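Sharing a structure, written as structure tokens. Questions coming.
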């Protein structure tokens, strides 16, 4: 896939029925990048956890949120954005124990509660890619 | 899925390896909307024809093109956009006979060479949806 | 394409078995929760959940399993999960829920 | 997830059979074209293309079939397409290519 970074964006409404679309895109990209089947399932879960949380919070300001997939040779980085700047620390350790735990366990790097203008980002490295 | 219109956007690089991502998103949305399996395959082909053509043309101005899926109760409308305003009548009747033929046959409404600021749009109605 | 969730219910003298087919995510979770909690509250029996054809679950679904477990415990019954796919079993291990449920 | 394309080649005295597995789209088309044209030009035999496991094709792929047909005709041979799935056969009918190829 070359050294350059490809960017794929997906904008979804805050609705439960579209979370599976994020999983499909994730499958397709991970597949192309050469992740193994098990890892693809893991990344799908992590990405889905964030979407589910966003959908359950929703927004009064915006109809939709954006997922940016940054694809490089061996790293998939996923960033979540929304016009609604009140969406910031979307997970809290009490209620969302399971979700945070899962995301941290399945992804290589996770940045929650960022000081940047995105909601969160996380990334996964392709293993054994010679 | 309610009467309101949901909008899903997908931004893809002008690269052949991402055309299949558009097919995946199409599958997912058509599935949710209740299209039958045969129709889903048809819509995937039509959408893929446009992506392939865009990728084969490419752009000097923009890295990517955008697909907007407008979902209502029983119609999927798909619109293609790009910052590069030179992308307009992307199909020509000579070389692209097969592609145009296929798109027109598989979709319910197709608008090529629009006077609008998008590249083209096409739509498909869910049949037998009571 | 696998999408959505369906379930079948089977009853014997000693347990109710619920078989899941498809995906438990935020979209299908409300139906799943209603179904599962109703089975638990009506039958008041040991519950076997067959996950052979469960392709996907995330924390939304795990939370529902935990909720069901709390309910069955009120009736002194247990939940047994069977035939979990590897990617799903992994989530139970990660969250420590493999020690809370009987997984076969 | 089905993705990409792979093909196997089988030879008898009278024909070469190529079996396609996966998708022929703009991404896989260059490989497919190279493979198919090479088979045609090297073998100079009747060509059977088995599409039993071909899940997807669009005009990019159809154009390659047409190109291959023009080549085999130079050698007075023919192309037979077998086991087409309904959605793929439909594309041949739509484009009129069902009258150009032998489809079984």
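As written, the chains take the letters A, B, C and D, and residue 1 is the first residue of each chain.
The criterion applied here is as follows: contacts are C-beta pairs under 8 Å (C-beta built on N, C-alpha and C of every residue); 3 or more make two chains touch, one makes a residue touch a chain.
This structure is a prediction, so every number in the text was calculated from the model and none was measured.
Visitor: Going by C-alpha centroids, which chain is farthest from subunit A? Tell me that one.
Guide: Ranked by distance of C-alpha centres from subunit A, the top chain is D.
Visitor: Roughly how far is subunit B from subunit D, centre to centre by C-alpha average, rounded to an integer in Å?
Guide: The answer is 26 Å.
Visitor: Indicate the whole-number Å distance between the mean C-alpha point of subunit C and the mean C-alpha point of subunit D.
Guide: 46
Visitor: In subunit B, what residues contact two or more other chains?
Guide: Answer for subunit B, listing residues that touch two or more other chains: 17, 20, 27-28, 32.
Visitor: Got the subunit D residues that touch at least 2 other chains?
Guide: Touching at least two other chains: 3.
Visitor: Should the pattern of chain-chain touching be classed as line, ring, star, complete or other?
Guide: Its topology fits none of the listed shapes; call it other.
Visitor: Identify every two-chain combination in which the chains touch.
Guide: Touching chain pairs, listed by label, come out as A-B, A-C, A-D, B-C, B-D.
Visitor: Along subunit A, where are the residues that touch subunit B in the complex?
Guide: Where subunit A meets subunit B, its residues are 1, 6-13, 15, 17-18, 20-21, 24-25, 27-29, 32, 63-64.
Visitor: Going by the contact rule at the top, pick out the subunit D residues touching subunit B in the complex.
Guide: It comes out as residues 3, 23, 25-27, 29, 56, 58-60, 62-63, 86-87, 90-91, 94-95.
Visitor: Under the touch definition given earlier, write down the residues of subunit B that touch subunit D in their complex.
Guide: Listed in rising order, the residues of subunit B that touch subunit D are 16-17, 19-20, 23, 38, 41-42, 44-45, 48-49, 51-52, 55-56, 96, 98-99, 101-102, 105-106.
Visitor: Would you tell me which residues of subunit A are touching subunit D in their complex?
Guide: Against subunit D, subunit A makes touches at 27-28, 31-32.
Visitor: Could you list, by residue number, the parts of subunit C that touch subunit B in their complex?
Guide: It is residues 1, 3 of subunit C that touch subunit B.
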